[in-house]
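You will see two complexes here that share chain A, one where it goes with chain B and one where it goes with chain C.
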Partner chain A sequence: MIKHQIKKNSYFDSVSLMILSRELKKLPGVSEALVGMGTELNLEIAHNVGLFTEELTGIGANDFFVSVQAETEAQATAAIAEAEVLLNKKNESKAALYFPPTLDKAISLDAKLNMAVISVPGAHAADLAQSCIDRNIHVMLFSDNVTVEEERTLKENAAAKGLMVMGPDCGTAIVNHVPLAFANVVRAGAIGVCAASGTGAQEVSSLIDQLGEGVSQLLGTGGRDLKKEIGGIMMKQALAAMAEDEATRVILLVSKPPAKEIAAQILAQAKDIGKPCVVCFLGGDRADAEALGLTAAISLEDAAHKAVALLCGETPADFTGFAMGEDAANALAAREAAQMAQGQRYVRGFYTGGTLCDESMKLLLPSLGHIYSNIPLQAADKLADAKGGESREHTFLDFGDDEFTVGRPHPMIDPSLRAERVRREANDPACAVLLCDCVIGYGSHPDPAADLAEAIAAAKATASAAGRHLACICAVCGTEGDPQSLTRTQKTLESAGAIVMPSNAQAARLALLITEKIG
Partner chain B sequence: MELNGLFQSELHVVNFGIEAFYHDLSSQRVPALHVDWKPVAGGDQAAAKNLRKLQSPALSAKIQEANQEAYRRILSAQPALVGLGIAGDVIPGMTKTTILHAGPPVTWARMCGPMRGAVMGGLILEGLAADLQAAETLAASGQISFAPCHMHDAVGPMAGVVTASMPVWIVENKTFGNRAYCTLNEGLGKVLRFGACDEEVFTRLRWMRAVLYPVLQAALAQKGEIDLKTMIAQLLQMGDEAHNRNKAGTSLLFRELAPAICALPLPEQDKVDALNFLNNNDHTFLNISMPACKATMDPIFDIPYCTVLATMCRNGTDFGIRVAGLGKNAWFAATAEHVQGLYFPGYSEADAARDLGDSSITETAGIGGFCMAAAPAIVQFVGGQVADALNYTRSMYEITVGEGQAFRIPALDFRGNPVGIDLLKVIETGIRPVINTGIAHKDYGVGQVGAGIVRPPMECFTQALAACAAGFHP
Partner chain C sequence: MREAQARKICTRLLAYLQLYPGRARVHSVFPRALNIEARFGIFSVLQGEGGLRPFSCETGPLMPFTELPCKAGEELRILDNCIEFPASDWVLRLSGAQAVDLSVDAILHSIVPVDLPLRMRYLLRVLTEHAQSEDMTPLVIAGAADNPYTTLLRPRIEELRAAVDEQDLRAAAETAGAMSGCGMGLTPASDDFLCGYMSAYAVLSKALGRRRERVLPLTRAMAGEAAKHTNDLSAAFLLQSGEGLMAEPVFALLLALFSDAPYQSLTMHAARVAALGASSGTDMLSGLYLSIRHHLGGIEID
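Let's turn to the complex of A and B:
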């Protein structure tokens, strides 16, 4: 059936009416619709599409009409009513931002540009970074797949000009208290952090904030900087700047153990600065640093505690315990272990932060003997198919490793793959403890806990239905000031039944404690 | 050291790649810019190599100098409407059996539906064929000389068919003395330029020749030439961009001509009919803005090393461009794209012909889509908002040599329009010129089915770039 509405002497712009016609045709039951002014052209169109009836005769160019062909009268009436709604709809303007297409155009818009964050595909990243160096702009190179040769050239060129190249594969920096890429809202303070690891830097800076202190600068170097091929060019550069920086009173170095000769150079430079210095070479030999009078840390958490202690003029002591106290931790672990069914004995650690995964494995390997992983500490513990296959005994996975990120965003942005694995793991009768990180801050998913909490609740329910008890331990890496909020994130996880520990190291230690209580 | 200087300065960040990093910074009110980064030439290695060659210091200096000369010529152009004539009398090289068409060269066999319809209609109108069947046979016979309008100092909207007996507007570039020609606009609906070729179309075209033409010719002769540069400058302040929106331009022209028409010693009814015809067709001015742009751009052709585009046009099969420094005979053509836009009720993309017409001469000269910011009403065709219209224009500054002086855009604080499309900048940024355009039905005889936005295929530019790289030597 065809239905019309005619409004004499009402003018509407023709383009908006064409848009309306299109919208009306999408309505249920509507096969043809025409909204327009009664011009000759529009009436001809009405004829052509079979909407013309006698009612339209005599209308003119100043008359507005809506014609609808629909299956039922009600649908036609609804469509005409919808036209009225759409006509009166106020378009809320989302001011479209204008993005310049080139670096030089950006410079012409803001001559003070002094830091470039580059996350373009690796094949193009080095050229772009060099263009920035040429224009005296410091670089944070988030992109990976930059060759070692390219990295070395970039860093040499930058160092010659006193510029910083953080990266490649550098995810975290806080410069002048501005968090760049994946970084937390950490209060301003006197601890300068030089880090070759992204989530490692996030963990130490967040814990420093939680301990009530703050960071002066947090510079990243990229994971390869302390290898022999690069020679620690940027770590040395960052150290030199921190040495000169009056706002920095304590220096904290975070890295995997560097090449031997590079480590010697870095430690010597750190010693000469004369400022208290904490060295956190995860899994490295603490004796090297201590021989030079520097403070060595045994975990990221320990590094944060020691840096804060030095800042406060206290003597740093190893932190290997639990914030809740040893007794409370033992009681908690015993309670969890007591609920386990026969055969439940393994820890499964599923991480979105690579360094957090690495740290946990280093803390637990001496007790567990083998930890199977996609980034194993012992070559023999390499899982053949980490993504598709099943877990094996104690299994720890880094979901940010290449195998998991092909064709999809990093798990800190999209943690769904990890959540899926948490659910799946609940079906394994040998699984006793699930251990997960949850990294918040800028760059991360707007609410990573929601997804993880749902998966944990589901996993616990699955295990419970099978007569088992699954211990789920989480640690949130972040601060109160982060957009997601530390407390809110912790509460979300707790309400799903997770045990939330204050640091990655404590979470790992509690997992171990539970396995020990199972016996 | 430099790094400590950074610690003492306010951080100003430029972000490439993941856009979220930029939004995180701007939400914290950190001074930041995001670059809409694309690999050079879209990752095309051969094009990147050609670009590097042309950007070598020795060649680059010559090219920039040539482009500045082109820019100077475009800005100094003074197009004026000087009269009307009959195509066969005034267009150079026009014969009784010549058919001019829009776009780059194309054979009858490759012509799209609407162009075929317009050609057949033109042959019937000229009395060369009695009916469509005879017209089709004649068109395929090889006895008709097909040529692009652009090769004969002319331009034509949509199919752009010009035959010997058609009246044409004559525009002269007063600075350089060159002329450009364009037929009179027939209005919307069933018209020859969209390939309609029935009796209704012929009746109108005959009336335009017999009644409208003498009225306009006499009126213009009485009034004297009309300065089009000023008129285009004005219409840009009135919501037109002189390609897809010509309401203001047509009104301004009407105001110029109406008193002269009324004063003519011609039959009253003819004058009334002529005025009504002009008044009822919003696109009357399109066929004047086009030759004004054509007359503006042709003088840049003889500049060696010039990489500014002198022509962009389409024949519904191919999109073709010409580059000033490569000469008038060097066409770089690739398959024309489909227009993204809004369709009239009853039609969809399945009905659309490919991009068609010489009207993209307006964008070549820096108006039309390049002045979308001046005509935000247009952006609704692609579902956009006013801010999008501004951004279409802003992005065109990235690929042009300079900014206009006469043509200014109110919404951009009266910034001059983007002028002189530089082939090298198109390749470097990957930004293709934006063109506002009508959409023709793919079959002849139906007419216009919508309007929207289209861009030239990148291949035209990479071909032209290769020719520059091969032909330009330091």
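Let's turn to the complex of A and C:
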């Protein structure tokens, strides 16, 4: 049964049409679908694929058409109706948007506005941020490519007025329970998070939510803030804000290890606040924090556990195990390892979140010795041509790094490159374990698990056809309240044969356990 | 009255707006593009990061055009330094906008670098990475499975190559006409392919020292015939390509390709082209790649 929908003199943007074409072909009973303008050649294509009927006669190059072929009339009718819904849906979602053309016009709409999210090309970002500071507006600077000098000036100017400049390249914040950019639906609570890391902040806030507690504020600082050149100006500002915030009873700091003198200043300030404080300087020396009576964490998950423990008045202890229990984890690892073919021995970690990739490498490097990467922990482990080349022994890739994102969206928005790599890796007879994150929440792809699950299923099938077994381990960063839903995302991945662990750290540890069992 | 300021404008459009002031009408409205039908043809007002297109001007971030009251068919006025949309109570100011020449004539120096084959491999890699399921890339990427569109077009590519090589205006025009209007997008994939093909041919010819008087009539004839077989909007883009005009990212890529610019910039420019539209970028890049491979004057790049 063939049905058409024709819209005379109608234009739809190409992205809408491509989405429409893909979605129609997935509908039940639909065997063929064609979407396009009624040009001669497109009608010839309709002929060629068996979709042409009399109804298409007489339509012209400026007319838009949708043609579907389905097993039954009802299915064809439903597909055409769905096409209409999809076209209108896109328009509806656009209708909710409003972009004031200038900063002053935005302020004229509401004089009380005191927070701006800036996402413009880097060359213009600093000027715009300064304009906001001049108008006493806090800034979340999503843009990158702001120079260090500009960043320092902006932050000094903001600090002088008691304002925050979160960024540049700051992708995550939750201010007064409003998630900004890439953030998760986390319940309101009493833990204040100051973070110089986007996915690091997402992981700790999501785990806090999963542990039953909540976040008072989550303030990002941008990844360079704790470097010597910037001096941690905004981390100090964020700490001061947390100190004043009555709702914040425990403070959690997340960052890569800062410059030594900056770390000393930050830790001293945290101590002076007097509120319990967990310090998670990933891969850093815990002694400095502990010497001042602060609680040091060894992973993002450990940080979340310790913050919750402090909030509940418990004595925090290192969490280095598995939620499923050590015995179960060992048994699982042994089962996976037993199915491996000879020669399978390497872990391949493919991440959309940079901090998650960094954390995994830091957890595994002491045992694995070398991890080749585009963001290596050791200079000698820099992977040549990470994007186009092959993996080397244990390889971990951050797909959000610049070389993967030129001319395309961040992998948390478009994870297709990572999915392709997962498929490709299955052809390597030395690959034993695939390790992937899956970040959900606002800003992320509406269903990042779908692409990844398909790729994992395909990779496992490829390996199986070659007489091998591929262990695929995933960790979902997100919460039940996220639009994509934590459980739904986990189930999608599990249905593809992935082992889904409750945190990034546990996923990494399980990968290590499997490689140890392989021997 | 709401106001917006154009930041950049195509010099050719600026000249035509000054030559043909008066009434015009809105042709079509998209969130980030507003197309206007004037006496001299269709031109566009764009928002966003995609770069300037021929016969377009670019504003900073505004509310989506679809949120303005203006609708297709609405009348507007082209004045000295602005475009007024009376029914929408909106004005676009053009004075102060940076004029950008997107014509092949604006390329003052181009060469065929000795390492062009290597450069083309970088281009091919970008194309492979960005390939979409129903775009023109199977015409370029060896071993890629054809889709219904490339199946239809594949035999016509060789005809186009022969006609252009022989400088046979009539045959080239006929073949381009037999290729246009094929594909899913608002600008059908084959049209974007032809735009890339013509742009690359124009720049390559310049680098090879071919006389512009011989190149322009050929691309103009191709575009003229191709425009007859597609929708109004795509036809406008084809005609612009036939005149040797190209979108800013394409211009930057060809400039980098036919120079001794470092590979890193080449890959970046190619990726920017590939990212245009849904598949417009890869379609254009496919045409661009094949055009260079076809008309390099005997230099082997495979």
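Throughout what follows, the second predicted complex is superposed on the first by the 421 of 519 C-alpha atoms of A that agree within 3 Å, B and C clash if a C-alpha of one lies under 4 Å from a C-alpha of the other, contacts with A are read in each partner's own complex, and residues count from 1 in each chain.
The rule we apply is simple: a contact is a pair of C-beta atoms (placed from the backbone, for glycine too) under 8 Å apart; a residue touches a chain by one contact, two chains touch by 3 or more.
As the structure is a prediction and not an experimental result, all values here were calculated from the model.
A.B. asks: When the two structures are overlaid on chain A, which partner does A:Ile118 contact: first (chain B), second (chain C), both, or neither?
C.D. replies: The answer is first: A:Ile118 touches chain B but not chain C.
A.B. asks: In the superposed arrangement, does A:Ala33 touch chain B (first), chain C (second), both or neither?
C.D. replies: first
A.B. asks: Which chain makes contact with more of the residues of chain A, chain B or else chain C?
C.D. replies: The partner making contact with more of chain A's residues is B.
A.B. asks: After the superposition on A, what does A:Val49 contact: first (chain B), second (chain C), both or neither?
C.D. replies: After superposing on A, A:Val49 lies in contact with both chain B and chain C.
A.B. asks: Figure out whether A:Val406 sits in contact with chain B (first) or chain C (second), or with both, or with neither.
C.D. replies: Only chain C; A:Val406 stays clear of chain B.
A.B. asks: Quick one: classify A:Leu294 as touching chain B (first), chain C (second), both or neither.
C.D. replies: The answer is neither, since A:Leu294 touches no partner chain.
A.B. asks: Could you say whether A:Val175 touches chain B, chain C, both of them, or neither, answering first, second, both or neither?
C.D. replies: A:Val175 sits against chain B, while chain C stays out of touch.
A.B. asks: Of the partners chain B and chain C, which touch A:Tyr11 in the superposed model: first, second, both, neither?
C.D. replies: second
A.B. asks: Taking the superposition on A as described, I'd like to know which of chain B and chain C A:Ser21 touches: first, second, both or neither.
C.D. replies: So A:Ser21 meets both chain B and chain C here.
A.B. asks: Quick one: classify A:Leu41 as touching chain B (first), chain C (second), both or neither.
C.D. replies: both
A.B. asks: Pick out the shared contact residues on chain A: the ones touching chain B in one complex and chain C in the other.
C.D. replies: Residues 13, 15, 18, 21-22, 34, 36, 40-41, 44-45, 48-49, 91, 94-95, 97-101, 120-121 of chain A touch both chain B and chain C.
A.B. asks: Report the residues of chain A in contact with chain C in the complex, numbered from low to high.
C.D. replies: 11-15, 17-18, 21-22, 34-37, 39-42, 44-45, 48-49, 61-62, 91, 94-95, 97-101, 120-121, 387-388, 406-408, 417
A.B. asks: Show which residues of chain B lie in contact with chain A when the two form their complex.
C.D. replies: Result: residues 1-4, 6-7, 9-18, 20-21, 24-25, 28, 30-31, 33-39, 188-189, 342-346, 377-378, 380-381, 383, 385-388, 390-391, 394-395, 398, 428-431 of chain B touch chain A.
A.B. asks: Mind listing the chain C positions that touch chain A in their complex?
C.D. replies: Going through chain C, the ones touching chain A are 2-4, 28, 30-31, 33, 49, 60-64, 66-67, 125, 129-130, 132-134, 148-149, 151-152, 179-188, 190, 229-234, 267-268, 270-272, 274-275, 277-280.
A.B. asks: Help me check something: in the complex, which residues belonging to chain A touch chain B?
C.D. replies: So the residues of chain A touching chain B come out as 13, 15-16, 18-19, 21-22, 25, 32-34, 36, 40-41, 44-45, 48-49, 91, 93-103, 105-107, 109-110, 112-121, 124, 128, 132, 136-138, 142-143, 161-164, 175-176, 178-181, 217, 237-238, 240-241, 244-245, 247, 413, 442-443.
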